[in-house]
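Take a look at the structure set out below.
A, B, C and D label the chains in the order they appear, each numbered from 1.
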Amino acid sequence: MALDIVFAVGFQVLSGVATLLITSLGLAIIFGMMRVINLAHGEFLMLGAYAAILSARAGLNIWIAMLVVAPLAVGGIGLIIERLIIRQLYGRMVDTMLATWGLSLALIGAVTMIFGNTVAGFSAPLGSFAIGSFTASAYALFLIVAAVILLGGVWAILRFTPAGLIARGTMQNAEMASALGVSPDRVYAVTFAAGSAVSGLAGALIAPFSGVVPTMGAAFIAKSFITVITGGAAMLAGTFSASGLLGTVATLGTFATTPVFGEVMMLAVAIVLLRLLPQGITGRFFRRAL
Amino acid sequence: MTALLATEHLTMRFGGVVAVDDVSLAVADGELRCLIGPNGAGKSTLFKCLTGQIKPSAGRILWRGQDITGLNSFEIARLGVGIKTQVPSLFDGLTVLESVRLALRRQARERVARVQALATLERLGIVELAQHLVVLLAHGQRQLVELAMVVAPEPDLIILDEPTAGMSAEETTRAARVIRALNAAHTIIVVEHDMQFIRAIAKTVTVLHQGRVLIEDDVASVLADRRVQDVYLGKTDVSWQVVA
Amino acid sequence: MKIKRRAALKGLMAGMAAPLVLRHAALGADPITVVGIHDASGGLDIYGKPMIACLDFAVDEANAAGGLLGRPIQLINYDPQSNIQLYTQFATQAATKDHAAVVHGGITSASREAIRPILDRYRTLYFYNTQYEGGVCDRNTFCTGSTPAQNVQKLMPYIMPKWGKKVYIVAADYNYGQITSKWITKYARDGGGSVLAVDFFPLDVTDFGPAIQKIQQAKPDIVISALVGGAHVSFYRQWAAAGMKSRIPMASTTFGGGNETLILSPEEANGIVCAYSYFQEIDTPANHAFLEKFHAKMGPNAPYLGAELAMRTYVGFNLWAEGVRKAGSIDRMKVIEALETGIVNHGPAGTTSIDPKTNHVTLDVYLAEAQNRGFKVLQSFPDQPPLDTQMVCDLQKHPNENKQYVVDVKM
Amino acid sequence: MNGIRLPIELTAASVVTIAAILILPHVLELFALINATVYVSMAVLALSLALVWGFGGILCFGQATFFGLGGYAYAVAAINFGDTVYAVPVAIAVPALVAAALGYVMFYGRISDVYIGAITLTLTLILFNFVNSTSGDQWRIGAAPLGGFNGIPSTPPLNMPGDPGNPLPPEWIFAVAMLSLLICYIIAKLILRARFGRVIVAIRENERRAELLGYDVRAYKLGIFVIGGAMAGLSGLLFANCVFVSPTMFSLFYSGQIIVWVMVGGLSTLVGPVIGAILLNLLTTWAGTLPEINPSLILGAILALAVLVMPRGILPSLATVLGRFRGARGMT
């Protein structure tokens, strides 16, 4: 096989992994820190995409719209939702899932009423580049870089900042942290807002590829949920390893067969993994990772 | 005579940690045996192995001489082993009577089961609670309800995990009386760390320390043993003595 | 004028329905009910919205001219929200509750095959006004759009001598894409070419990255798209973003049926070649006259009609209306018999006449290239009969036939 | 006390069913009757999850798996057999078998809680994706093409037993659906009255204790899961008889909707989820007629509010308000 084919396929694999990672990270932060599964995660992506497209249409620079406006807007919405819903149900995992699922439907409905159930979209704001005789979208390359920066950034915040230390402490033992004078309520509010902001950013980042429509979240929530659960308790190592594995299977499967069977293979691998490692990948390996 | 329950070289490792290390013990029919040891001695791990919650890494567990290593909890229960957990493990949404009736697993006839369940409640002095929802009961009553569920099917062996946890001195004395009374009809293993309580009930005591059997003897000898005193007075690192 | 946008999610329980906002002219007589079922929301709304606009316009025009048989026409529009199961709900409702004289609607072949059996069962006349893969042989169903023998058969001889012989097909994964890709294969072989591969994509796929790499690997001379719906528009974006636009030329059997040329940038869309029975850009007096009236009526909200679908809906309604006039009744069998006399419509798209053998139509076909948010018409082919369906279907001989024939091409 | 209540409840349910079968076809228009049949099939689906989740405590996010399998099994068998009556056992057996296999993997693998949710959800997605991609010619089972995205629009309706040429009219299909609902309700009632049902509830209350009492928790969970799967299959069959089968039966939306019905109707009740399913279907229908309000918004808001305000659901909360609720009884 020619070398450039290997690189081209490898590039697609990386791009698939990066997309899965970006779209799962917000969910993983909230699950890892709070044991809350936010089923409105897909709609947070959708809101991020709308925030970006609307502010870009209003004349804002497309990069500022995607990288600044989208996370800020969705982070703010997350703060409100934490106060109104999540906080009321803390510790009741199933109830939280149901309430956020209701929220998800309501957000789809509300956005449909405002913007219509119509696909909007904007083009990838970068050109293309060549790998040997293949060309690929430069924006996909940007997504890969963005995934690395995002993951590294969250890791650095957790590892090196005082806020990160508090977050890790709360993650390990919420009671102990509160005994030390850290208000868990505040930690949870900030965590949820931060996770939401990451989701909003992710939504804006994938928008040029996916198109923007009120129901776009549905395509991502299931995959993100499965990625996070398969990853297990350690949010960064888990999401990274699960999206690495599942994204690779999906992309290679797509090359070998069809997009649908690529996805089916990925889901089948997830089921097998959960059967073998009922606590997720990091429930078994890298248990001490973040 | 074959022991009712015995372990042979039972070992449980978690990664690099050896929680239970080559434990061999034998409990005879009718005995009241105490398993004691300070925190981290491996008591709970041993309890989990004996009740089928985890499968030991090595060694065997024998029931009347038959190998039962690796059986599930429910299979061990079906042999005739009643298990009382440290924090009462109850059916909060059911009534006391329904709970005890469920414990009479092998009694298919509803009428007979009801009579037997009421008799058990009578015996433990809580028959007036029969129609109460478990979730509404006070702490002490919950303990008794769990005990009723454990003894109702008349098991050959009862394993009690830290029965005095969270009890006042007075309650502890009463519990000791109850356990001695139960011993008239059942073999009993008590996993405990409260020495005073053990003094009040036990005949034979097995002391665990760092996963190993430190000493196994009658109460008086155990209490007099210097190593046991060291362990309980906080000199934690005595493993060299064990090796010696 | 208002129409019921989302008529119901699950259908209506008796008595629970809010009063319908209906359109009828201020004529005293008992109105004739016409039901339209087109997606006004969801992934297919890029086709549905202009189709609804044209149906509205056609009904208004007819009512302004005094209705049909002296009775006003009442149009009920349902929005199945790009959800096939809602199609069946609304078709059932149209037949059993609204007692519609005719149902116009269905965009995808999947939706047509969902409602066709229902309307057959409840004996309600059905018009399917969309270009499709051909082969439906059912006396109750009139297909007024173009079929592969009319469009693909014009497309392939134009592009193959120009671009090359090796074809790569990307198609929507349902009956339309499956069958159309067979027709493309047949006409590619007829022209001495070959099909390297066919890739099918479910309607909700938005990531075409691996597919584009696969196409590059196969190195075709031509890519033909039979992709459908809003999500698939990302293919054209990603194709351009990957820099493929200048490397491999593209033709399509579906592009431009909706508003694709408007939502894509000219850099992304220009140069894609298509063949349809109508383009808004057709330069004929009849078309100019129609567009003038259409824009006068709809004002600034007038949608871009693009290619084929919206205009076929307008033509389809007028064919039916002519059938009713000729039959002097809205009775289903009488109208069918009147239509089968070979009714002709001279309209903005040229001449359309019903082919009584197949209940399809003979129509004019145009070849065009996407150009600056619209199309540039290159060639026209008058009076093209539905040869594909004619090969297998003869309703004059077998009036009770009711099935869809599928072309058999070894892939 | 319970001994008297059971026959009364079953009699009441039977009377309601027979009354509906006799009266509704004369009152409702044909179209409304067909919709009513759809709602009844949804009610059966709600009942199946009420057993699995409400009583069995198994959070199944993929009950639509069995619903869709039931529908497809029926459609494929009906097309192949000709006489659609023979397709009925197939439509119940196939989902039950799949539930058995899936349940065996999950429960005997000691997978619990949210992980069960993840696995069941994943299976639904797999089936949705898979069925969606079967529009090619190679995807057919016997005489029945699976049809991919199209589904199987020509799903034949049930016919008179032994008379394949004679399909049941809509009124009869409605009667069949109502009777199916009644039978499922009675079966569920009897199961919960029996030892098996009591153990199921006990396991939901405290899995560990049930095990320490000698109950093989895995087998009981598997049992209720299979029964739930079979009922969901029956519901899919009924649905296929009034709409038709298509991949949307496996969609996330259906899986989620079932959970809403049970949640809003009331966990650990049987009548609640049935009422929840019918009410919420009526509500979404009604919401669909409001031109400017999106039905998802209403459905979502109701679910979120239900969780926040009355986490036990309409029926139990209503009962509390009326002061007739005798504590959180497990065996209602």
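Criterion: a residue touches a chain if its C-beta (ideal position, glycine included) is under 8 Å from a C-beta of that chain, and two chains touch if they have at least 3 such contacts.
Nothing here was measured: the structure is a model prediction, and the numbers come from that model.
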Chains touching both chain B and chain C: D
Chain centre separation (chain C, chain D; CA means) in Å: 37
Intercentroid distance (Cα basis), chain C paired with chain A, Å: 38
Cα-centroid distance, chain A relative to chain B, in whole angstrom: 47
Euclidean distance of C-alpha centroids - chain A vs chain D, Å: 32
Residues of chain B engaged with two or more neighbouring chains: none
Per-residue overlap in chain A, given as positions that touch at least 2 other chains: 112, 258, 260
Residue list for chain C, restricted to those that touch at least two other chains: 173, 200, 202
Chain pairs in mutual contact under the definition given at the outset: A-C, A-D, B-D, C-D
Interface residues, chain A side, partner chain D - complex: 37, 85, 88-89, 92-95, 97-110, 112-113, 218, 221-222, 225-226, 229-230, 258, 260-261, 263-264, 267-268, 270-271, 274-275, 278
Interfacial residue positions of chain C with respect to chain D in the complex: 2, 4-14, 16-18, 21, 83-85, 88-89, 92-93, 96-97, 109-110, 113-114, 116-117, 173-175, 177-178, 200, 202-203, 406
Chain C contact footprint on chain D (complex, rising order): 28-32, 34-36, 38, 129, 132-133, 135-137, 147-151, 153-154, 243-244, 246, 248, 281-282, 284-291, 294-295
Chain B partner contacts - residues on chain D that touch it in the complex: 195, 198-199, 201-202, 204-206, 208-217, 327-330
Residues on chain A engaged by chain C in the complex (per definition of touch): 5, 8-9, 12, 15-16, 19, 112, 116-121, 123-124, 126-130, 133-140, 208-211, 213, 215, 219, 251, 254-255, 258-260, 262
